[in-house]
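In structure tokens below, several structures.
Next come two complexes, and both contain chain A; in the first it sits with chain B, in the second with chain C.
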Partner chain A sequence: MRNRIEALSPYVVRAMMIVLMGLLIISALMTVFPFFWSAILSTHSRETIFSTDITLMPGDALAANYAKLLEIMPFWQAMFNSFYVAFLGTTVSLLFCSMGGYAFAVYRFKGKNLLFGVLVGSMMVPPVLSLIPYYLTVKFLGLMDTHVAVWLPFTATPFCIFLVRQYVVASIPRELLESARMDGAGEFTTYWKIALPLMKPVLATVAIVQFVFFWNNFLSPLVVLNSTENYVITLALRSVQNLPNTPWGAVMLGTTISMLPILLFYSVSSKQIISGMTSGAVKG
Partner chain B sequence: MTHETPKQGWLARLFNPPRGSAPYLFLMPYIVLFLVFGLFPLLFSIYLSFHIWNPIKGLDSMEYTGFENYVLAWGDPVLWKALYNTVWLAITSGLAQHLVAIPTACVLVALGSRLRHWLTSAYFLPYVTSTVAVSLVFFSMYSPNTGIINKLLIALSESDLFGWAFSWVPDVMPLRWLEDTFLVKPAVAFLVFWKYTGFNIVLYTTGLMTIPRDLYEAARVDGASAFRRFWHISLPLLRPFIFFAVTLTIIGNLQLFEEPFILTRGTGGVGHSAETISMYLFRIGWEYLDMGVASAISWMLFILIGILTAIHFKLFGRQGLGEH
Partner chain C sequence: MSRVQYKNIRKSFGDTEVVRDFSMTIEDGEFMVLLGESGCGKSTLLRILAGLETQTSGDIYIGERCVNGLDAKDRNLAMVFQSYALYPHMTVYENIAFALKMKKLPRTEIDEKVQWAAKMLKLDTLLDRKPKALSGGQRQRVAMGRAMVRTPEVFLFDEPLSNLDAKLRTEMRHEIKSLHRKLGTTTIYVTHDQVEAMTLADRIVIMNKGVISQVGTPEEVFHHPANLFVAQFIGSPAMNIFDGVLTRQAGNQWVIESGGSTLPLPPRFHAQATETLAVKVGIRPSDIHVLEGASHAEHLHPVDFKVEDQELLGAAINLTLHTGDVTLLAEAPGDMKFAPGTAQRAWLNLDALHVFDARTGETLSGRNTAAAA
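Now for the complex of A and B:
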């Protein structure tokens, strides 16, 4: 049997390859279909959505859906809140994670092994386990219903500190940092002026991972934010799911717009995003 | 050059700390955030799991109950239902992900880099987008009367070409994907499969790229068929990657929350048919306001994840890590 397959002419092997390629292309199209579909639905009125025909063409209800969207939720307020949280969270993460990773990579100090063990160990703690403690801490600190509670606790993530540490160990020569110190640069200046510019590639990874995390985050805002004007976009979208006679055109329009920032970003640098989002998995 | 700088202000000292304290200053944000949002709460949740506490009533209302929370959760049939659902979803969607991702990756690496990049980007896309957003899209696609899936099935049953294969469709319409206790789990599993397969494809493609080309060449010269090359070269050398990817899937799938939460509008489905442990925990803690029992459940989930990961390591760990 095996030899018979091998004995098949190269044309047959080629044909099989083309069939496989066709399958892959079809499954790729099916994978992106829901995105296309939510965009299409957002241009359709209730009547055309409810009709039995399938239409892949855009409808003419975009303006009406937009008006409805603004009516059912403070859409742009929520988008702004998400941007605010994701931007602040990512920026502060860059600072905290680069500082932490740098310290682990460059210095010898008392308790380093213990701290590093804790760092690696805390990467193993499943997020669900920390949900209740997180909520309680936020409550104790009086941070309920504030945005700080949604971004600050996630800015010094063990995973990102670990990534920076690995990068600095592998790619920044110690001699360079030593010579900067010899020239009289202080510890912070050495980090800020010499090391940080050299960390750009790993900082890009940290920024991608953190921005995507903050933008898509749902669980922590769900337990912490409770007034509508503080809602981030994921919460706002979910809140209209239980409206009677859900206006699907409007909801899909909101969903589509909420995905656009990431989709646009992805369309220009998918390679970097893919390698960033899998960096821990692939290198670890 | 002297480092003697007399009388520095605290700000200058903070920005130019002596070498000995510099690492601690650099690590301060991590240490503080870890203590406040990591260690303390974790210990507190152990403490809490042995107490009755309604967070609305303040700290004074806390009462020690021993193991009662654990006993209470253990005796609740819904917990077992949720446990069954979680494991069902984890296995079904997890198996499907890896069984599809490995062969796909094998074909992908044989393609030209341009086509490979385009396809990979398409497969990976669901992974970077918000779970809430894509779950809402699926929610509308699963809708019984207006959803594209049911519309498509009806159209297929009416078409001349495929009508014979879909003649059962009119009898069962409208299919209530998310309200039928039998259909809801596969519907959730499909969304999970759709969302995470691309991630695994990328992992496996990376893994396959590390296998030296000449191994395949040598096998080809020896007359090994494509299937045998896959079975005897790709698969064994991919083992560490499979091991790692499956570990991630186990840990991730057992905590499944957002997909079933959105698809069932936060209800867990008719008769808890798609309620996962995380959703159960959320309901107990935030709807029934019983943080003690919720903490107990979270520790039970933690132990479950630990046990299943340990079994996975025990069964496949040595081969998985290449017996190094």
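Now for the complex of A and C:
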């Protein structure tokens, strides 16, 4: 492949590169445009949004939109709720998924392979299918309209347990854990003091995956949350779209603000996300 | 410090039986080496003692205590692994101190012990480093330090030197030996390297396919191998083995006939010689002399060979000699000259001749030695 490219004249190679770059730039713009568009719209009033001229320039209605946003929904309350749910959910996920993955990687027990097979298999099931059982379970437990119902059921996810398991198998030598046991460490101490610190890279991945999931989660809050003060941000933003004369500028402002934490989170840790996603695959 | 007893230990993984009825007592303070090829069950025996594997049947005693079913953490044994198994996220100091912290010793006592071990192993300047900033030899020392500070009842070594280069290996071997001399702790050491076994051990257990082939001091297993396996396993270059037939000649004289020549049977086998028997004869290359000067001694038996090949090793020459259908390797002094194809007389040291029953592989003379161990 490489040789074939080298055999071509430099002009042809250059032309190909330009075409390729052009395609990449166009698709990048297509991806970024909705985000950019919602940011622009958040500075416009309803009138300019629905006027015939499409403008890409920022408008002057930002302050009015912000006032409107706070008027139509408890915006910061919803932001806080989202953060609360995502934070608690992520923290507990780290504990459960690391324990589950560690157990699958280290312990020998009856039915382990079957259990692991079921776990991995369950990743193939579309989440929507489990919505009704989820609703019934939450109702049975009396957790309707609580935040626990939004984060707790998703703290032990097959994908993250799988991720941790692969990482432990590939990167933590069995002898290390045996050595800890010989040194007098019990099961929990071995996990907590030896295995857990060595799992940092995969834990970072789990944290990112889970935080983004909880932040973006819309379906399960929609099913279980019904009082406005409990709404998470996704739900709050959706709920105002039913208002007569939806104040789109305000909604767009809310959407834009709600994206910021995730964008910030991602820009800080994108390297970690990529290395974490591939770590199990490349090593061992 | 304690005596260790294996009593009728068996271990199977699925359908494969890796240890078959292993019984053995390791005395208090003894340095015992388990020697054998990979897959002979030696590491499994160590891991069973450590509590990392559970025996299929049989009992393990440490001191007077039966430790069957006791968790690894409660056995008070220290193990040095082949990969050292240092905790990568901890400094050298924390690595050595870990077991002591688990015991919840006071901070000052931990510090005292870590410093003592670090000094003994010349690690005192490296205490703040992480394992990945250490060389192989230093990591090995940390692993030993970690075992030492525990003052365990028994030290277990699982091929601890296999990851080091030849020079370091010799150095660490000496350190392990001198450490054992200083601390006097019962030690069980698993290796497939006979040089390590010979130099370190008080006694060697030679394992073959899950059973003990021979137990004895390095001298015993070298000079009086109990069977063909041990004879061929111990010694480098390996012992020459050739087929022969034990035959009675006129006048009640027993001889070994082999490849057209006849060797007198050394006196120590006479008691066992009762019938004509197919045997395997063994002689070490160093017990075949080519120097004229030694020829008068009575225990030296001359044989005429043809030189097939020679290999100069520096101080010595490995000489391939041939007669009839027997080919032997002999060790000659490095300053001698040999030409392939020429005739060469050599003298076999009959005192060092080993005769084994060809059918069972057991020695004809040393049965008592094996039984005593």
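By definition in this document, the second predicted complex is superposed on the first by the 256 of 284 C-alpha atoms of A that agree within 3 Å, B and C clash if a C-alpha of one lies under 4 Å from a C-alpha of the other, contacts with A are read in each partner's own complex, and residues count from 1 in each chain.
Heads up, the rule we're going with is that a residue touches a chain if its C-beta (ideal position, glycine included) is under 8 Å from a C-beta of that chain, and two chains touch if they have at least 3 such contacts.
Treat the numbers as computed from the prediction; the structure is a model and nothing was measured.
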| task | Tell me which partner A:P197 touches in the superposition: chain B (first), chain C (second), both or neither. | result | second
| query | Which holds for A:Q77: it touches chain B only (first), chain C only (second), both, or neither? | reply | neither
| said: Residues of chain A touched by chain B versus by chain C: which partner has the larger set? | reply: B
| said: A:T91 in the overlay: touching chain B, chain C, both, or neither? Say first, second, both or neither. | reply: neither
| With the two structures laid over each other on chain A, which partner does A:Q272 touch: chain B (first), chain C (second), both, or neither? | neither
| query | Touching A:S239 in the superposition: chain B (first), chain C (second), both, neither? | reply | neither
| message | Going by the contact rule set out at the top, does A:W37 touch chain B (first), chain C (second), both, or neither? | response | first
| query | Once the shared chain is lined up, is A:T146 touching chain B (first), chain C (second), both, or neither of them? | reply | neither
| query | Which holds for A:T189: it touches chain B only (first), chain C only (second), both, or neither? | reply | both
| task | Enumerate the residues of chain A that count as touching chain B in its complex and touching chain C in the other. | result | 184, 186, 189
| task | Write out the stretch or stretches of chain A touching chain C in their complex. | result | 173, 175-176, 178-186, 189, 194, 197-198
| request: Going by the contact rule at the top, pick out the chain C residues touching chain A in the complex. | output: 50-52, 71-74, 77-79, 81-83, 85, 87-89, 98-99, 102-103, 146, 150
| remark: Touching chain B in the complex, chain A uses residues 2-3, 5-6, 17, 20-21, 24-25, 27-29, 31-32, 34-35, 37-38, 41, 49-50, 52-54, 95-96, 99-100, 102-104, 106-107, 109, 112, 115, 118-119, 122, 125-137, 139, 141, 152-153, 155-156, 158, 161, 184, 186-189, 191, 212, 215-216, 218-219, 223, 233-234, 237-238, 241-242, 248, 251-252, 255, 258-259, 262-263, 266, 270-271, 273-274, 277-278, 281-282, 284
| said: Under the stated contact criterion, what part of chain B meets chain A in this complex? | reply: 1, 3, 14-20, 22-24, 26-27, 29-31, 33-34, 36-38, 40-42, 44-45, 48, 55, 104, 107-108, 110-111, 115, 117-134, 136-141, 143, 145-146, 148, 151-152, 154-155, 194, 198-199, 202-203, 206, 223, 225-228, 244-245, 248, 251, 254-255, 257-258, 262, 265-266, 278, 281-282, 285-286, 291, 294-295, 298-299, 301-302, 305
